[in-house]
Structures are given as C-alpha cells and as structure tokens.
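For reference, the structures are reproduced in the following blocks.
What follows is a pair of complexes built around subunit A, which joins subunit B in one and subunit C in the other.
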Partner chain A sequence: MNRQVFEIRLGTAGEVVMVGRLDATQCEAALRFLNGLAEPRVVDLAGLEYIASAGLRVFLMTQKRIKAAGAGLKLINVAPQVRDIFRYAGFDRIFDISGGGA
Partner chain B sequence: MDGRLLMRTSFALVPVLLFLAVLVRADSYKLLPLRTVLSIAAAGALAAGASYVANVLAFTHFAGDFAAYSRYVSPWIEESLKAVVLVFLIRGRRVGLPVDAGIAGFAIGTGFALIENIYYLMSRPDTALYVQVIRGFDTAIMHGGTATVMAMISVTLYERRPNAGLYLLLPGFMVAVALHAGFNQLLVRPALATFATVLVLPLVIYLVFKHSEQVLRDWLDSDLDSKVRLLESINSGTFLDSSSGRMLRSLSDRFHGEDLADMLCLLRLHGELALRAKGILLLRESGMEEPPLDEEMQDKLAELTHLERAIGRTGMLALRPLMMATGKDMWQLKLLKS
Partner chain C sequence: MRRRTTVPSDAAQLAVVTQFLQEFWRAAELPPAEARTFELALEEIFMNVVMHGSPAGHEPRIEVSLEFCDGKMILTVEDDGPPFDPLSLPPPDVTASLEERRVGGLGVFLVRQMMDDVSYRRTGKRNRLRSCKRIAPPATSAERMKH
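Our next item is the complex of A and B:
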C-alpha cells in the first residue's frame, strides 16, 4: 500500500482508521467522512504518518461537534511524530491520546 | 450631558460602534478581547482631548482662516496623536497582525470621534439634527478609517522588520493624513464626503480585514508545518546537517561552544512555544475553549527569557535569520504570556 496517500475508513470495531498524510489537500474529505458519522468516538492513527495544521482543524471541529453531545474523541495508536505535534500544540489536553499498542 | 445631546451623540455614534462590533465579531481568532478594545477606544478619546488643546494652541499661531487650518494643519496634529496610541500598541507588541491592528485602529478612531462629536454638538447646539447626525457619523467613520489604514499599513511594514525604528510608521501616517485632509477638503461638498466615508471606507476596511484574516490563516498553516519540521530535525539529531544547522555551526568562530548550545536550546524552545501559540489560535478559530496555560509552558517561557539573556543581544541578532523572527513570530508569544 502507498503510505503517502491519505485514506479514512471504518475499522472492524467501528473505529475510524486514518492512514497516510493528513494535510490541507485531504482535510475536506476527512471532515466530510467524520461529519457523516453520528458520533465518532475512537480514531486509530497507527497508520497516520503526518498531520498538518489543516488536519488538526479536522480533529478540533469534530471534537467540538461531538462534545456538544457530551462525548469526546479518543485517538489511539498515535505514532510518536504525530503525537508530538498534538503535544506541541497543547492538544494533548483537548483529546484523549494514547500511543502505539494502547 | 442633557437628554437631547445624548440622543444626538447616540445617533451619530451608534453606527460606528456597530461597525467596530462587526470587526471584533469578525475576528475569528479573538485577538483583541472586548475589554482591550474599549481601553484602546478610551486612549483614542484621550488623544482627542490632547488634540483639542494642541489645535487651539496651533490655531492661534495660524495666519489663515479655519477652513484652511482644518485642511492643512489639523490633520497632521490629529493623526499624530492617534499615532502615539498606535506606537504604544505596536512597540509593546500588543498588536502584531493587520487583523488586530485594524480593530485597534478603528477603536482609536471611534474613541477620538466620540470626544470630537460631543464637542461639536455642545459648541453648535442649534444646528439641525440631521446635519449633526450626518456630520457626526461621517467624522466618526473618517477617524476610524484613517486610524485603521495607518495601523494596518504600519503593522504590515513592522511585520517584515519588527525591530525597525519609528520611521516605519511614516508611510501609514502619511496616508492617514492625506485621507483626513481629503475628507476635510470634501466638507464643502457634504454629499460626496458622506458617500466616500459612509459607503466606500467601511467596505474597503472590511474587505482588507477579511483578506488579512486569510493571510493569517495561511501563515498559521505554513509556519506550523515549518516549526514541526524544525523540531523534528532537532529531536532526531539531523538539524546540524541541514542548511539552518550549518548556519548555526558557522557562528562557532564568533561564539563559544556553550553559547551555541544555548542557541540550539533556544531554537527548540522557541519552536515549541510558537507551536503552542498556534494551537491557541487554532482553538479560537474553531470556537473551542482554551485550557489554562500549564506549569510546563510557564517554565518554558521563563526558560526562554533566561536563554535570551544568556545569549545576549549580539547572539540574538545572529540567530534572527534562523528563528525567522518576523513581527508575527515575536507577537505570537504574547498569546502565551497574556
């Protein structure tokens, strides 16, 4: 599989799976997919290699939407380089984030 | 203030206050809280008071009539005093982007116009209501508009050269004086003056404001990504082999090894803090609540100050090309300190 191409789909346990690079060119498709789900809770980022600011916006907008219903996003299997970006931006206090293997 | 005066002042100022509210509301990043906007408007009102005194003094020494004075002298005095407020805001890095500078500029002008209109209404109580309202509204938009233009031009210039002297205010100041003098020139043709100030100026300001917001968003995106790459290269140990790293190493003939180590630490810390500031902007843009600054960030801000002192002025100057220290870069850290 070409890991550079961004892909978003539902996993076997109903979690959202993201693979590749989530940058400005992909964020619209990602947001459309997430908005199509009533209440996405768990996002598996094991295959996410890179996230740009536009990608962070996608997570923030989704978090805001589902927070209105009292829920929150849980980001699992986050690779260290992506986790660092969330941490630097201070978003580790906005999202429930766990690293690879969690 | 009696009821009649209050009513006339309100008629003249409410639309301007509404426009100011529109600008504050249109600012997706919530760069200037309402309390700050009101404080800036109060400073604009003080500038108007000082301007009254300066104009009275200057007019006594002016050989021509009042019409000539208002065209050729008063714009210089009034825009200078508005510029004083702007200097305080820009040099103190209280505003750093065209967006917040635009709001601040309009707030200065609104405060200035409030005092000028009250004076005008009190000194000419018998003028017809519609004349006072139109005159007051025109003046308020003009003062807001000229200060906005001056603020946005100045901040744009300081963005490229954040440590430049006060001379960078001159282009914006000159444009503001020209607009102000042009407005006073048009007072003999009130219909044209009203059209220019009420219809054209707010539209131009709003369009420039929205464009500036897009520029800010683009900067946010590109700078966040470049800071992430910088931190990745420092953390992975590949930074010193990059072009920026080679530039840092080239300073070894002028600085001690421990200074260079401090510089590398500063680059990393500055990158981390800049990313946190951008995180705050992204949260505001999304309309989400910001969590309070944690202890770790406060420690990092203190460490940044310590490193800047240790590296010294010369070292900081040498580092500037590596830190991409534009006005926005320096301004954004204020988000963390406020």
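Our next item is the complex of A and C:
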C-alpha cells in the first residue's frame, strides 16, 4: 500500500477536493492546480490526512492571491489532526475553517 | 527500540525517511494517532537541511535515528552540512494579518509546539537536531487480547 499518495481535483459542485498527504514534495503540483483556477472558493479537506508547513504555504499563497480580488477560501470538513496544525500556525485567524460534521 | 538510516540530502528522499518512520511506528506498536506529530517533525527538519544545508559541490548526507525508550520517543536528525541552528531563527508572528504572513520559520515553530523538547548541537562537522516527546506506552499483546 502506498502511504504517500496525494490527490487534488475538482468535486461535483466545483469545490476543490484534496485527499491524502500534502507534504513538501506535493506542494508544487497542488499550487499549480490552484493557480489554474480563477477563483477557488471551497476546499473540501475531508480526505486530507496530513499537512506540514510546506502545505500551509500552498493555502497561504492561494489566499493572498484571491483576497486581492476580494474573495477568500472556505476550508470544510477539516479533520481534527489537520485542524490542529492550522490552529498552531495561527491560520484559524486568516481562513474560514470548519470541521467534519459541523 | 532503536533504528537508524542514512540518505542523501534530496527532497525525493522525504518519502523514504517517512516510510522508515512509519515502519518503526508499526514495529514498536506505538499509537497511530501520535505518528503524524513525528512525521511532521521529520518533514520540517529534513526539508530544512535539504533547502538550507547544501552548499555547491557538496551533497550532505542526512542520518535519521529513532528511539523509543521509557515512554519517550526521540527523533534525531544529523547532517554533515555547514553549521546551521534552525532554533536560532526568530519565531514567526502567527497573529499577523494575511498580507504580512510569511511561512519562513513556521516549520520549526510547529515542531517546537508539538514536541516536549527540541535541541540543537554542533558536534565535529555535524549538525544534530534532537526532538523528543513522551507518548503513551504501547499496549502489550496481552492487553490487546482483552479487547
């Protein structure tokens, strides 16, 4: 079993879906995908198992880009262990974050 | 229990050392919920060396050691790159506005938040960063049988 997989794609309602592990080796692809979208709004993180500072940078850069146009990312279904990382980094102050089932 | 591995200072090796950690975790029967804390620490420290510790003409080797002893998990990352103490960096301002946010220094900051203790030492020609955290002891086989 490959435990290092990461996938980013568009969901049925136009939301961005991330699944697996967003580690330092996956960030370039994730950022390229997000930069290809004019205005990403909702990111469903139900399947995101792992993130570290390199992954946080992907969210930060995207947020800076779209905030310039007056928009903002909404991160939904964020698992507790991933939410903790966002919170430690103080990202709960600059992102709209909601957990699974909320 | 103690294990160590050595890899070249290359981002592509992150998957290798992460798998090494995951295998250690299973072999030592440690609680899976705590694994990601150490995966994060390993990624941050490993990538720090890859990004900042590789001068032209010299590709450092990175040695990762894992030890679980007396309820304490210890991760030690050593490299033979130029002297660099990541703990000397100023902490990031995690209360800054979006416009002023930087990611530099955030990795080490996260590691310090999540570990009980992080220390740096330069010994000879090597940097050594040691992170440790007390974790709940693994359930014995006999205890698991009861469930």
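Basically, the second predicted complex is superposed on the first by the 97 of 102 C-alpha atoms of A that agree within 3 Å, B and C clash if a C-alpha of one lies under 4 Å from a C-alpha of the other, contacts with A are read in each partner's own complex, and residues count from 1 in each chain.
Throughout what follows, a residue touches a chain if its C-beta (ideal position, glycine included) is under 8 Å from a C-beta of that chain, and two chains touch if they have at least 3 such contacts.
On a predicted model such as this, the values are computed, not experimentally measured, just so you know.
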So, after the overlay on subunit A, do subunit B and subunit C clash or fit? They clash
Figure out whether A:I94 sits in contact with subunit B (first) or subunit C (second), or with both, or with neither. both
**OP:** Using the touch definition from the top, say if A:R9 reaches subunit B (first), subunit C (second), both or neither.
**Re:** neither
Where does A:T25 make contact in the superposed view: on subunit B (first), on subunit C (second), on both, or on neither? second
(request) Tell me which partner A:Q81 touches in the superposition: subunit B (first), subunit C (second), both or neither. (result) both
What is the contact status of A:A54 with respect to subunit B (first) and subunit C (second): first, second, both, or neither? both
The clashing stretch of subunit C against subunit B, among 2-10, 20-28, 38-46 or 56-64, is 38-46
The shared contact residues of subunit A with subunit B and subunit C are 24, 52-54, 56-57, 60, 63-64, 81, 85, 88-90, 93-94
The answer for subunit A against subunit B in the complex is residues 24, 52-54, 56-57, 60-61, 63-64, 81, 84-85, 88-91, 93-94
The answer for subunit A against subunit C in the complex is residues 3-4, 23-25, 49-50, 52-54, 56-57, 60, 63-64, 67, 81, 85, 88-90, 93-94
Within their complex, subunit B touches subunit A through residues 220-221, 224-225, 227-228, 231-232, 235, 271-272, 275-276, 278-280, 282-283, 285-288, 291, 294, 297
Given the complex, residues on subunit C that touch subunit A span 11-12, 14-15, 18-19, 22, 33, 36, 39-40, 43-44, 47, 94-99, 101, 103, 106-107, 109-110, 113-114
